[in-house]
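Both complexes below contain chain A, partnered by chain B and then by chain C.
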Partner chain A sequence: MIGQTHWLHRFRRRGPAVLAAVILALLAIIAIFGPAVYGTDPWSMVAAPFLEPLEESEYLLGTDALGRDVAAGLIYGARLSLLIGLAASCAAMMIGVLLGAVAGYYRGAADDFLMRCTETFQTIPSFIFLLVLVAIAGPSTVTIVIAIALVSWPPIARLTRAEFLSLREREYVQACILSGMGDMRIIFLQILPNAITPVVVMASILVANAILSEAALSFLGLGDPNQITWGTMIGVGRESLRTAPYLCVLPGIAIFITVLAINLLGDGINDVLNPRSSS
Partner chain B sequence: MAQTEDMQALLDIRNLTVNLLRSGAPVDVLQDVSFSIQAGRVVAVVGESGCGKSITASSIVGLLPPSMQIASGQISFDGEDLVGASERRLRQLRAKSMAMVFQDPMTSLNPLMTIGRQLQEAAIMAFGCSTEKADEIALSMLQKVGIPDAVSRLQEYPHSLSGGMRQRVMIAMALCRKPKLLIADEPTTALDVTIQLQILRLLADLQAELSLTILIITHNLGVVAELADDVVVMYAGKVVESGGVDEILKTPKHPYTRALLAATPRFAIGQPPERIAFKEIKGTVPELGKRGPGCRFEARCPASEPGCAASAPETVRITASHIVACRSREMLQ
Partner chain C sequence: MLRPVITKVFRLAITIGMIAIINFLVIHSTPGDAVDVLAGEAGVADAGYTAELRQKFGLDQPLPVQLFHYMSRLLQFDLGYSFRHNMPVIDLIAGRIGPTMLLVGTALFGALLLGVVAGTVAASRQNSLLDYTISVLALVGYATPMFWLGLMLVVLLAVGGGILPASGMTTSGSTATGLAYLIDVLRHLVLPAVTLGLFYFATYARLARASVLDALSQDYIRTARSKGLAGHTVLFRHALRNALLPVATMFSLQFGAALGGAVVVEAVFAWPGLGRLAFEAISQRDYNLLQGILFMSSLLVIAINLLTDFLYTVIDPRIRKRA
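What follows is the complex of A and B.
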C-alpha cells in the first residue's frame, strides 16, 4: 500500500524503536520536571543509612551509606546524565561535521591535513585521553562535556567526509559550482542536508557513549563534585557493594535502560530515514 | 587553422592537452584538441566512451577532477583566455555566461529542494535579482520548456518528476541564467527513446527561438543529425575529423568516422531485426598510457598503412571547414 510508506507508518512497524522513544520521553520528563516535583535534595541526609528499597514507603528506593535518598539521586542524576550526553554529542557533531565537510569538499591538501589530525586523535585510546583531559582541566560539567566531545568527534568527521566526497561529485553540486554559488552555501545548503542522515544516526549512538563515558568518569571520582550523576552514585555505592548491592545496581539499571533505549532509537531513526534498509 | 573565418568565435579551443596525474609519468587524456564554436551555432562532439568528450566539456567549464590538469593549450571564451584566468574570474565568467545540462537527470537536481527553489536560486545567482523576479523567471522558463501545469510543479520535489520532466527542468534551470554558451553533456543518454526525441526537439526549438550557442556531447549520431550545425569527431583524446554536419555525415573522410557511421543501426519497418545492417568496430579504444606515437586508430583501422603506427598523421584541410587527421591519401579522395 502506498500509505504504508509514510514515515510514521514505517516508524510504527518498529516496536523496539517506539518503546525506546517512549522510555526516552519519560526519562526526559523526569529529567526536566522530576527535581521540581520530587523535592527531596539528593545530597541531604534524610533518613537512616542503608534503608533497603521498599523498606520504608517514604523512601521507596532506599537510602545510601549516609542516609541520602536514592530515588532523589536517580532523578537528579537523570538530568545531568542526559544533559551531558546530549551536549557532548552535539558538540562532537559540530566539530566532526565541520571538519569532515571541509575535508570532503575541498579534498587535496586540506583533506590530507584534517584526516591526519583525525587519525592522530583516533590512535589515542579514547578513555585514557578523556581521563587526561579531565585531569588537566579539572572536573566540572562544562569541562567534562568538552572533553567527551573532543574524544568522540573523529568518527563523525570521517563519516561526513565520506558523504561529502561522494555527494560533491553529484551533478547538482557541479551545477551549483558552475552557477557561481559560494563554497559555504554549497557546503551548508546544498550538500549538508543530503549528507546529514547517517551523521544523525551516528550522533544518536554517540549520546549513549557519552552517557557511559560520563558514568565511568564519575565512577572513578573524576565527575563534577557538585553534581550528582548515575556514575557518581555507582562510585559511592561501590564501597558497600557486598552489604548494599542495590546502591550500585539501581543507577546501573538506569544507565543500562537509557543507553539501550538510545541505541534502539538510533536504529529506528536509521530505518526511517534510510528507505533502502526497510524491507 | 580557422583564420579564414573572419567572425570571432565565441569559444575557441587551441591545442588543448589535459593530463591525468598519477604515480609515474602523467598520461594525456586529451591531446592537441582544437575546435571552435561560432555564436548561435550548435556544435556536436561525438565519439565512443572514453574518447575525452566529457573531459573537453569539463575543461571548458573548469570542473576537471583534481586528478586532471590542463597541461597546455588555450581555451578562449568571448575573447578571454580561460586557462590562465584566476579562480575568481573563472567563477564569474562561468556564472554569467555558461550553463550545463548533465547526462543523468536523476542526480542533477538536489533531491531535498523543490523545483521552484532550485530554479529561483539559479536566477538569483545569475542576475542578483529579487526573489519575486526570480520566481517570475523560473515560472516563465518552466513554461518555455513545455512542462504542463508549471505553477504547481514549482512546489514539487525532483523525485515526483519523470526523467524526461527532470531533464526539462534542468534545461529550464540552464536557461534561467541566459547563458551565452549552453553545454549539454549527453543530455538524452539516460532517457527513453521516445523522450529523447522530445528533448532534442525542445533543444532545437529553444535554439531557434533564443539563438542559443550549444555544445552538445553525444555518442548518438541521430542526435547529431537532428540538432548539430558542426561536428567534431574525437577518438582516444584527439580530434580526428571536424566539419559541417553534412560534410561529416555525407562525405566522412576519416576511417573512424566512417566506421562510426557504419556502426549505426538503421531500422526499417517490415524488415526482420536480424537483417538490420550495421558493422561493429573491432577492438577497443587503446588504454590510457598505452597510446603509441602514431595514429591512435591504427590498430582498428581498415585502411592502416605501414607508417601509421610510427608517427601521428597531419591534419588535412579538405574544405574551409572540413578538417581530417589521416595519412591515407586514398581515404581523402
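What follows is the complex of A and C.
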C-alpha cells in the first residue's frame, strides 16, 4: 500500500505526464466516437472550397480545395493515426519480444544468429526500407502497419534479450529448469512477465514514431488511398500552401500534439518506473 | 592484436551479405517483375517476347541461382540497370550521393554541435529558466513531423519574406561559379538542413543534458572541483568529455535514420539527392533503382559506423588500450 501511494504521488507531481494522459484520453474518445458523433463525411464536398477556419460557423476549421470539411478529416485522421500507431507498435513488440526472448534464453548459436539479424535490420536505413516495403506491397492500412512493424522491432528485441539474459540466471528460473518445466512455459509464463515492463514502455514510445512514419508515408503519397489521414491532408494541402496554409497547419498541429503527448506520457511512466534515472 | 580486427571484418561481411539477401527477397516479392513493367510500358504483352526478355535478364532461373548471380554482381558494384533513366543504377546513385551527404552531414553535425552545447549548458544550470527552455525546445523538436516543419519554414521564410530559397540546390538558370556558387548552394541548404536537423538537435540536447548531469555527479568531478579548477574547465574538460561517449553512439545510430529523413526533406525542398531519387523510383516503379538505393544507403551506414568506432578510440583512450 505504501508503495502504491508513493507511486501515485510521484505521478501527480509530474504535471506534464498527467496532462498528456488527459490529452491522449480525449484523442482516443475522438478517434472512437468522433466520426459517428460529428456525422459529416470527410470525403463529401459539403461547402464552397477554401473556406477559411472560423469563416463559417458550420465548418469551423474551414474546407479544402474540393470543399471537404477539414474538421471531419481531422477526426477521421485521429482514428487512423492512433489505430496505425497502436497496431504497428503492438506488432513490432510481438516480433521483438519473440526474437529477443529466444536469443536471450537460448544464447549460443541462436543468439548469435538473431543478433546478427537485428544488427542487419538496424543498419538498413529504416525509413527508406519502409518506403520500399510499402511501395512493393502496395499501400493499404494493413501493409503499412506490417511494414512499420518490420522496421521498428530491433530495439525491442535487444531490450528483451538483455532482460532475458539477466533473468534466466535467477534462482527461480533455475528452479523451473530443475523441476523439468518446458522451455516455452519458462519463457512465456515465468520470465516474460518479469521482463515485460520496460519493453512495454519502449513500445509505447514506438507508437509516436509509428504515427510520424505513417504521416510521412502518407505525405509522400504512399498512404492508404481509401483513408483520410493527417499526413495525406498535409500532402494534398501542400498544393495550395501559398493561398491556404491552414490546410497544412491544422493536421500538422494534430500530429504534433499527439506525438508530444505520447512522448510526455512515456517520459512520465519511465520516471515512475525508474526513479533513479529521473533528475 | 589482429584478432578483433578479423572478427570485426567477418561480422561486417555477414551483415553486408544479409542486407543483400534482404534486398533480393524484398524486390523479388513484387507482384510483377521488371519484364512485366517493361512490357506494360511498351504495350506489348506477347508471351514469346516476355519469355525472351526474362531469359535475357536471367529472370527464368530458380531463385537461389538468381540470388547467386545477384550477389556476385554486387561484389563488382554492379547494381543493375535502370530502364527508366537508361543508365546503370550505380551511376545514378553516384550522381546523387554528394547532395545528400552535404544535406545530412550539415544537419547532423550542426545538430550535434548545437545540441551538445545546449545540453551541456542546460545541465550546468539545472532547473533554471534556460534549462527549462532548452528542454521544451527538445520536446518540440521530438514531436514535430519533419516534412511539416519544412512546409512551415517555407511558408514563414520563403514564401512570405522571400528571405531564403525554398527549392532546389542552386538558383535555376544560374551560371555562377566559385564563391558565388558556394554562397548560392549554402543559401539553398539552410532551410532543408534546419528542417532535417531539429529532430536530431532535440535528441543530442536531451542526451547530452542527461549524460553531463550524470557525469557531474561522479566523484572525479568533486575531486576536480576541490582541486580549485574553474567551473567551465570542470564542465567542458572533465564532465563533457566523459559525457560524449553516449552521444557518439547516438550519432552513428542516427545516420541511417537521417538518410531516411532526407527522403522527406528532399521531397519538400526539391533537393537533388538520393532521397528524391528514391521517391522518383517509387512513383515510376523502378525497382532496380530502388533496391540499389536501399543497398547503397545501408553501405553508407556501415561506413559511418566504422568511422564512429574509430572516433571512439580518439575520445576514449581506454578503448585504445583494450584494442
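Rule of thumb we're sticking to: the second predicted complex is superposed on the first by the 267 of 279 C-alpha atoms of A that agree within 3 Å, B and C clash if a C-alpha of one lies under 4 Å from a C-alpha of the other, contacts with A are read in each partner's own complex, and residues count from 1 in each chain.
As a convention for this text, contacts are C-beta pairs under 8 Å (C-beta built on N, C-alpha and C of every residue); 3 or more make two chains touch, one makes a residue touch a chain.
Just so we're clear, the structure is a prediction, and the values are computed from it rather than from any experiment.
K.L.:
Once chain A from each complex is brought into register, does chain C clash with chain B or fit beside it?
P.N.:
Fit.
K.L.:
For A:178, is the partner it touches chain B (first), chain C (second), both, or none of the two (neither)?
P.N.:
So A:178 only meets chain B here.
K.L.:
Rounding to a multiple of 10°, what is the angle at chain A's Cα centre between the Cα centres of chain B and chain C in the superposition?
P.N.:
90
K.L.:
Check whether A:99 is in contact with chain B, with chain C, with both or with neither, and answer first, second, both or neither.
P.N.:
neither
K.L.:
Taking the superposition as given, does A:190 touch the first partner, chain B, the second, chain C, both, or neither?
P.N.:
Once the two structures are laid over each other on A, A:190 reaches chain B alone.
K.L.:
More residues of chain A in touch with chain C or with chain B?
P.N.:
Touched residues of chain A are more numerous for C.
K.L.:
Please indicate which partner A:255 is in contact with in the superposed arrangement: first for chain B, second for chain C, both, or neither.
P.N.:
Touch partner of A:255: chain C, not chain B.
K.L.:
Between chain B (first) and chain C (second), which does A:145 come into contact with in this model arrangement: first, second, both, or neither?
P.N.:
Neither partner.
K.L.:
For A:129, is the partner it touches chain B (first), chain C (second), both, or none of the two (neither)?
P.N.:
A:129 sits against chain C, while chain B stays out of touch.
K.L.:
A:263 contacts which: chain B (first), chain C (second), both, neither?
P.N.:
second
K.L.:
Minimum CA distance, chain B versus chain C, superposed model, integer angstrom?
P.N.:
For chain B and chain C in the superposition, the minimum C-alpha gap reads 10 Å.
K.L.:
Residue numbers of chain C touching chain A in their complex, please.
P.N.:
11, 14-15, 18-19, 22, 26-27, 29-31, 126, 139-140, 142-148, 151-152, 154-155, 159, 210, 213-214, 253, 256-257, 259-261, 263-264, 267, 275, 278-279, 282-283, 285, 287, 290-291, 293-294, 297-298, 301-302, 305
K.L.:
Can you list the chain A residues touching chain B in their complex?
P.N.:
Chain A reaches chain B through residues 107-108, 170-172, 174-175, 177-181, 190, 193-194.
K.L.:
Which residues, counting only chain B, touch chain A once they are in their complex?
P.N.:
Residues 61, 63, 66, 91-92, 94-96, 98-100, 102-104, 107-112, 118, 121-122, 125-126, 170, 173, 177.
K.L.:
In the complex of these two chains, what residues of chain A are touching chain C?
P.N.:
116-117, 119-133, 135-138, 208, 212, 215-216, 219-222, 231, 234, 238, 241-242, 245, 248-249, 252, 255-257, 259-260, 263-264, 279
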